[in-house]
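Inspection log for the structure reproduced underneath, given as C-alpha cells.
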Amino acid sequence: MKQETGDFSLPRPLVVRAVSRALAEDLGTAGDITTDATILAGKHAHATFGARKSGIIAGLDVARAAFHALDKSVTFTPLVKDGDSIDEGTVVARVSGNARALLTAERVALNFLCHMSGVATLTRKYVDKVAGTRAHILDTRKTTPGLRAFEKYAVRCGGGRNHRHGLFDAVLIKDNHIVAAGGVGPAIEAAREHAGHMVKIEVEVTSLIELHAALQHEVDVVMLDNMSLDLLREAVRRVGPKALTEASGGVSLETVRAIAETGVDFISVGALTHSAPILDLGLDFEPL
Amino acid sequence: MKQETGDFSLPRPLVVRAVSRALAEDLGTAGDITTDATILAGKHAHATFGARKSGIIAGLDVARAAFHALDKSVTFTPLVKDGDSIDEGTVVARVSGNARALLTAERVALNFLCHMSGVATLTRKYVDKVAGTRAHILDTRKTTPGLRAFEKYAVRCGGGRNHRHGLFDAVLIKDNHIVAAGGVGPAIEAAREHAGHMVKIEVEVTSLIELHAALQHEVDVVMLDNMSLDLLREAVRRVGPKALTEASGGVSLETVRAIAETGVDFISVGALTHSAPILDLGLDFEPL
Amino acid sequence: MKQETGDFSLPRPLVVRAVSRALAEDLGTAGDITTDATILAGKHAHATFGARKSGIIAGLDVARAAFHALDKSVTFTPLVKDGDSIDEGTVVARVSGNARALLTAERVALNFLCHMSGVATLTRKYVDKVAGTRAHILDTRKTTPGLRAFEKYAVRCGGGRNHRHGLFDAVLIKDNHIVAAGGVGPAIEAAREHAGHMVKIEVEVTSLIELHAALQHEVDVVMLDNMSLDLLREAVRRVGPKALTEASGGVSLETVRAIAETGVDFISVGALTHSAPILDLGLDFEPL
Amino acid sequence: MKQETGDFSLPRPLVVRAVSRALAEDLGTAGDITTDATILAGKHAHATFGARKSGIIAGLDVARAAFHALDKSVTFTPLVKDGDSIDEGTVVARVSGNARALLTAERVALNFLCHMSGVATLTRKYVDKVAGTRAHILDTRKTTPGLRAFEKYAVRCGGGRNHRHGLFDAVLIKDNHIVAAGGVGPAIEAAREHAGHMVKIEVEVTSLIELHAALQHEVDVVMLDNMSLDLLREAVRRVGPKALTEASGGVSLETVRAIAETGVDFISVGALTHSAPILDLGLDFEPL
Amino acid sequence: MKQETGDFSLPRPLVVRAVSRALAEDLGTAGDITTDATILAGKHAHATFGARKSGIIAGLDVARAAFHALDKSVTFTPLVKDGDSIDEGTVVARVSGNARALLTAERVALNFLCHMSGVATLTRKYVDKVAGTRAHILDTRKTTPGLRAFEKYAVRCGGGRNHRHGLFDAVLIKDNHIVAAGGVGPAIEAAREHAGHMVKIEVEVTSLIELHAALQHEVDVVMLDNMSLDLLREAVRRVGPKALTEASGGVSLETVRAIAETGVDFISVGALTHSAPILDLGLDFEPL
Amino acid sequence: MKQETGDFSLPRPLVVRAVSRALAEDLGTAGDITTDATILAGKHAHATFGARKSGIIAGLDVARAAFHALDKSVTFTPLVKDGDSIDEGTVVARVSGNARALLTAERVALNFLCHMSGVATLTRKYVDKVAGTRAHILDTRKTTPGLRAFEKYAVRCGGGRNHRHGLFDAVLIKDNHIVAAGGVGPAIEAAREHAGHMVKIEVEVTSLIELHAALQHEVDVVMLDNMSLDLLREAVRRVGPKALTEASGGVSLETVRAIAETGVDFISVGALTHSAPILDLGLDFEPL
C-alpha cells in the first residue's frame, strides 16, 4: 500500500503553542542579540532547507509556524511533503522574508524539523524491515515530554501506526493492574464496566499460562511481552482470530524481521520516539 | 573526577511547569482509565527505579515532581545523586504512596529520567574520550524544543559544559552576520557596541584567512568550524592566548579524541542533545 | 445499585486549573470586597453543604479544591461520595477554616458542585428509565466549553457511560465523511487505515439501506440516527452480533424507555450535558 | 427604548482564549481523526447554521472565532445579529472554506452558540413575562465556571440586565457579613469605608425588621430575599425612593409576573445561567 | 487615622501567578548560576528585611510568596503590617531557610516590596497633605502594566482610595463618548440603559457649561478636569449634594492642599502609580 | 559611533503576551462598558499620540500591539523612532481605525509607552551627564516585576547599556557568595568551573583589600560598591587593564559626573528602572 502521509494534520493550536514555547526558550527576554546587532532591521533574505542525509521528512508545517510566529509576512514554500523519502542534498523548502526573522527562527524551525524527521526516518527503517509480513510497526508512550503529538505524527509520516495517545484513550492492563484487581478476569471485566464501549482493551501477558487466562475474556489486543520467537509463534497461533497480537520488548532493527515473521499483527518499538537520532537538515542562505 | 554535579539545581518553577505539561499530555481529560478501573482509590504501593543499563543518572528531582503533581504525600527517596555513574541493576530511587498516583505518574517520571540520563550518559562518553587533554565537551542550541533547560542540566551532570543557553546570553557571529555587517570587523564592533559588556563574543571561522581577519579584533572565543585536524592544529597555534578555541562540526565518538589532541579548548557536540538514546530505567512494583 | 462511582477520579491537574480559572473569574483583581471589608482576617468559621433537592452528588473533590486554592489549611470533610443518591436536606460535606476563605470560595465551589450534580442527577433519571433493558445511557460531545472532563465524570457518577471524549479518541463517520470519501466503504477503510488499531469505529446511518452498506464492512458500533421505533427494532435485528448499536436523536425522558426496548445497546442523550438544570445545594454557615 | 443588543461586544482576547481552550479539549493531541482520514486536505465546503427551534441568538462572534482559530481564511457571514429573535428554520449564518476546518470546528462553534443562545432565549422568556411592569430581569453569579462573561453577554442579548460580574465590582452584604461585622449598620459603614466610592452597595434582607435596620443607612440597592408577595409589596413601599429593590429567591416563569407586579425594580434569576437548556441549532453542509 | 489597612487582602491566585512570572523572568532556564556555583545545596541562612528610608510598607505577603515559590519550608516572619509607617532602619521581616532559596528569590521579593511600598509611601504623602479636609486621594488607571492589583492595593495601604479597577467596573464618560453619543444627556442615558444598575456613572467636565449640562441628568460622580481653583470651588458649589466631585489634572504635592480646600470629595493622582519612586529596602544576611 | 537605537527589537512573542495580559487586566470580563454603551460598533476614528513633555521615546511597537490585539485592521503610523529625542508637543504617532478599538486600547497603549519612555528619558539624562568621559550608564536587576525586557530595551533606547538580564546570564559574586565559598578566590574558581566559558564573571568589592584579593584571580568586571570618589579613583588605577570597572551605590544625577570622572568604565543606576517617572504622552482624537 502506498502510504498517503501529508493527509494527516497536526492540530494547529498545538503547533502554535509548541512553537511559541520553543521560541521563548531560545529568545529569552533579550532576543537574538547577535542578529539585532549585525543585521539591519529592514533587510530581506532568501534561504533553503537542505537535507544533509537521506531520510523521511516530517514537520514542514511546524517549521513554517516558527517563522510566522516572528513575522507573518515570511514566505515558506515546501518542495516536498511530510512523509516523502528524500535523498541527501534535496532542497525540502524555500523561505524568504525579513532577514532577522529568518535568522532568529532558524534554530527553532530546524530543531523541530530535524527531530521529527529523525523519528520518521527511524520508523521507516523498521517499516521497511517488516515489508511483506502482516506486521505493522507501532510507537509507544515512551515519548519526549511535551512533544508526544509531534512524535506520533512523525511516526505516521514514517509509515508506522500509533498505539494509544495516552492513558486516556485505550486500556492497557499490565501485571500490577491484574494483581490489584485479583486476576486477569476481574481486571478485564472492571475495564469493560468502567472504561466505556468506545475504548479498546489490551492485556499484557508474558507466558502461555497468562495468555490462556486472558483469552477466557473478550479482549481486543494481546500484548506478548518479552517472549522468545518460539513462544511468540505459539502465542500467535493460540490467539488466532480472537484478538489482535502485539509483540513488545527487545525489538531492534536486527530482531524485528524475525519477530514479524512469527505472524504478530503489531510490533511496538519504544526507540522510535525515545532514541531516534535527528535527520540532519540545514538552512542555507543566499548571500545577504 | 572532581566535577560535583548534583550541586546544580534546575529552576523549580520550570520543573513544575514541564511536569504539569507532560502529565496533561498523558492524562488528557479522561485520566488513567486502566488504573482507575482496576486499582482501589485508597490502595498503597511501593516501587523502585532500577537501571536496566549502566550510565549516568540525571533528573531525579524531575521524577519526584511527577509524583508530587498528582499526590503530595508520595514519598520519593533517591539512593544516588544526579551525575552519579551507576551500573546495570542499580536501584536509583524508592517511591511509595498511593498506588494510583504511582502507576499514573510512572511513565512521565520515566520519560524525563530516561531521556535526561541518556543525555548525561552520552555526554560522559565524550568526556571520557578526551580525558587528559585540555578539551572540554560542550552542548549546542540543537536541543529538543521545550526541554533545553533539562538537557543542558543533563549535560552538566555528564561532566560536559554548557555553551550559551539561547540567542540571548552570548554573541555567536556566523557567516551571514559577517556578510550582512560588511565584514568580520564591523560585525564584531557592532556586537561589542550593542550587546553589552557582560556578554561574550564568539566568531565562527572556516579558514585561516577568516581566522586571521577575526583575530584583528577582540573576541572571546573562536569557533573553528569543520576544519581538518591539521587545519585545527594550525588554527589553535595561531590563536594562542588571544582567545579560547572551540572545534565544531563532524564530531563523533570516533573523532573526538583526535580533535581534542589538536589543543582546542572546547569541542561542541550537537548529538549530546539531539541524538542521545535514552538510558533504560524501569519502575518495579512490589506485589500490590 | 452496583455502580461503584467514586472509584473514578478526575485528573488532579485539570481540577486545579479549572478551579483557578473560575476563581480568577469571580475575584478579578480587587478580590471579594464585601468579605474583606466586613470579616476580620483571622476569623474562623464552620459551614455545611446542604441539598435543597434530592439528586445525585458529583464534584466533591472539585469543591474542596476551590477552598484549598485560597487556603490550604481549610478542612473539607465529605459525608457522602460522588455518585451517591441523596435526599433533600442531606448534609453532603462540612467545611471549616478561615472565614474569609470560606465565604470567598463559596460560589465557585457551589457552581461546580451544583452543575456537576445536576448532570449526574439528570443522567440517573435516564438510567432509571431504562432499568431492566440492555441499554446503557451515553453522553455526547455536546458539552459546555471548557468543562467536558467534569461533565463526563458527572455522567459516570449518574450511572451513564461515556461516548468518546473528543475528536481524537474514536472514529465517528457521519454523512459528510461518507460523501467526501466516496461511500461508506471507502470511508470505513480509510479510517481503519489511518486511525490506528486501538481506535474504535462507529458509523452513523439513517436508513436500512445505509445500514446494509455499512454492515458490509467491519465496524465496532452503528449509530442509528433519528429512526422511528419500528425502524430501530428492525435495524437492531439486522445488525445482530456484528456490531454494537447506538440510538441517537429525539431522545427524551418520555421516549427513552421505548427506545431502549427496541434492543439497542446504547442511547446517547445530548441533553445530559447541554441542558441539565443544576441540583440545588447551598452552603450554610454556623453563626460567625 | 428598544434594547439594542448586538451593540455590546465581548472582549476579544477573552473570546480567543475560550475558543482555543475548547478546541484543545475537543482535539486533544491526535486531532480530528475521522475527518483527517476521510476528507482530502485541500477540499472546500459550504454550510449554514440553521435554527431547529425558535429563540434568541447569541454568540455569533464566538462561533466565527472557532473556525478562525483553525483557519483564518474561512468566511463566516452572519445573517442575523446577536439578540435577534429567530423562528425555527431560520438560517443564522453561512460559513465556507476548507472542509476539514469546517468539520473539525463545527462542534465547538455549536457548543458556544447553542449554550449562549439558550441563555438568551430563557432570559427573553422572563423579560417578556414582566413586560409592562417596572421590573428588569437580572442574572446572578450562579454561572457556569469559566463562561461567566459569555453567559452575562447572552443575558444582555436576551434583554436582561447584568448584576455584578464578580466579587470585585460591587458589594453585596449578606447575613454572614452582617453577623461578623456586628450588625447591618457596621457592615454598611465598613463597606463604605473600604470598598471605594465607585462601588455600589446592596444589602440582603429577609424581613421587615432587617429592612428597617438597613434603611437607617445609605444603601444603593436592597435585596428582598425569599419574601412572600405581600411582604415584598410592603417592603417595596417602605423602601420608596431611598434605594432600588431587588427580589430574589423562588423565581420561576410561573411566579415572576406576580413578583414584578409588587413594584420591585429588579428580579434576579439564577436559572438564566445555571439551568438554561440550549437553543438547538445545527450546521448543515451542502453536499461535499 | 482610623483606616485599617492590612485588613485588605490581595487575591492569592493573583499573587502566586505574578510571583511565578517574575521568578521566571529572573531565573531564565539556567537559574541562579552564581549561587549554584558557590553555595552548598543544603546550607541554611537567616536574613532580615531592613528599611533604608522611612515610609509605608506594602507587599509583605508578596515577598513571602517569592520565597515559597522556590521552597515551601522557608520561614518568613513579618514584624510590621502592610500600611504601617516605618522609620529608616526598621527591620520589617525576618526570613530563614535554605540559603540558595533565600539568595535566589531575594531580588524578586525586593522588587515587589520596594515598588509597592514606594506607591504606598507616595500615597501617604498626598493623604497627609489633605488631612483635615473632606478630600480623599484616589488612584487612576495609569498603572504599570501587569501590576494594577498590586499598585491599587498599595494605594489602599497608603491611605488612599481606589478609583475604578478597569474599564469594566464603572462608567467614566469623557469628551469622545459625549461627542459620539450626541451630547452629555444621550451619553448618560445610554450608560444607564446598558451598563447595569450596579455600576456607578461618572462624567468628566471641563467647564461650568458642561457641568450644567451634566447635572440635568442623574450621575454619581462629576470629574472636574483641569479646572482652576476658582472654577473648582464654583463647580463644587453648583454640584452640591447632587453628586460626588472629583478633581483631576495638574495635581502635585504642591497643589493638592489648595485643591482639597475647594471642597471636592476626591482628588485623583496618576503619579501615585505611574511615577512613584521605590521605597528603598534591603535584605541583610547574617554571616553564612 | 552614534548609537543607533531602534535597531534593537523586543522579542515579538514577549510583546504579544505582555499586551494581552495588560488588556485582560483593564477589560476584565465585562469589557469597556462606557465605550460599548456610547459608541456605535462600526464607527471609525483618527487620533494622534502627542508628547506633553520633552523626552526620549520608547515603546512604539508595544503601543501598536495594544491596538492590534483588539482589531488587526487598525492603522498605527509612527512618526518618530524609538530612541528619538522629542520636544513637548511632538506628534509621535497617528492611529486610525475602529473607534471602539481605539478608545478601549488607549490606556494600555499609553501605560506602556509612557512608562518605557520615562525609563528612556531618565537614562538619557544620566548618559548626557557623563558625556565625554569613558563611563557608560548601566541598568540593574531592580526592575518592575514582569517588565524587565521592556525596561532594559528602554534603557538601550535612552543610550544606556544593559547589565545582565537575570541571574542566568552572568555571574555576579557578592559578599554572601564569597563568605559561603570560603573566600573570593574559591568563589571565583567555583564560578569558572561551573558557570561555563561563555559567561562573564563580576566580583563585588567594597575596599581596596577586597579588591586586591579579587585581582589575584581572573575576573571580567569588578564592581566597586559604595566607594568614595577617592577610593574609586584609586581602585580604578589598581585594576588597570586587568578588568572592567563598575561603580555602584549612591549614584544620582548630582553625583554621576564626578563618579564618571574617576575613570570607571560603567556606572550602574537602579533608579533608571525602579524610580523613573513616566514621560507624559496623551492620545488626542479628532472630533468623532
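Chains here go by letter, A, B, C, D, E and F, matching the order in which they are written, and residues are numbered from 1 within each.
The rule is simple: a contact is a pair of C-beta atoms (placed from the backbone, for glycine too) under 8 Å apart; a residue touches a chain by one contact, two chains touch by 3 or more.
These numbers were taken from a predicted model, which means no experiment stands behind them.
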Third chains touching both subunit E and subunit A:
B, C, D, F
Once the contact rule is applied, which chains count as partners of both subunit D and subunit F?
A, B, C, E
Which chain has its C-alpha centroid farthest away from the centroid of subunit A?
E
Taking shared numbers over all numbers used, above half giving same and below half different, the subunit A and subunit F interface sides are different
With centres defined as the mean C-alpha position, give me the subunit C-subunit E separation in Å.
44
On a C-alpha centroid basis, what's the spacing between subunit B and subunit F, in Å?
32
Could you list which residues of subunit E touch at least two other chains?
7-8, 25, 27-31, 36-37, 40, 148-149, 162, 165-166, 168-170, 193-194, 196, 199
Taking touching chains as linked, do they make an open path (line), a single closed cycle (ring), a hub with spokes (star), an all-linked set (complete), or other?
complete
Can you list the residues on subunit A that touch subunit C in the complex?
1, 7-8, 136, 156, 161-165, 168-170, 194, 196-200, 202, 220-221, 244, 265-266
Report the residues of subunit A in contact with subunit E in the complex, numbered from low to high.
25, 28-29
For a test of understanding, state which residues of subunit B touch subunit C in their complex under the given definition.
20, 23-24, 27-31, 36-37, 40-41, 69-71, 100
Could you pull out which subunit A residues touch subunit D in their complex?
6-14, 148-149, 152, 162, 165-166, 169
Residue numbers on subunit F that touch subunit E, as the complex places them:
18-19, 21-22, 25-40, 43, 45, 99, 103-104, 107-108, 110-112, 114-115, 118, 141-149, 165-169, 171-174, 176-181, 187, 190-191, 193-196, 199, 271, 274-278, 285, 287-288
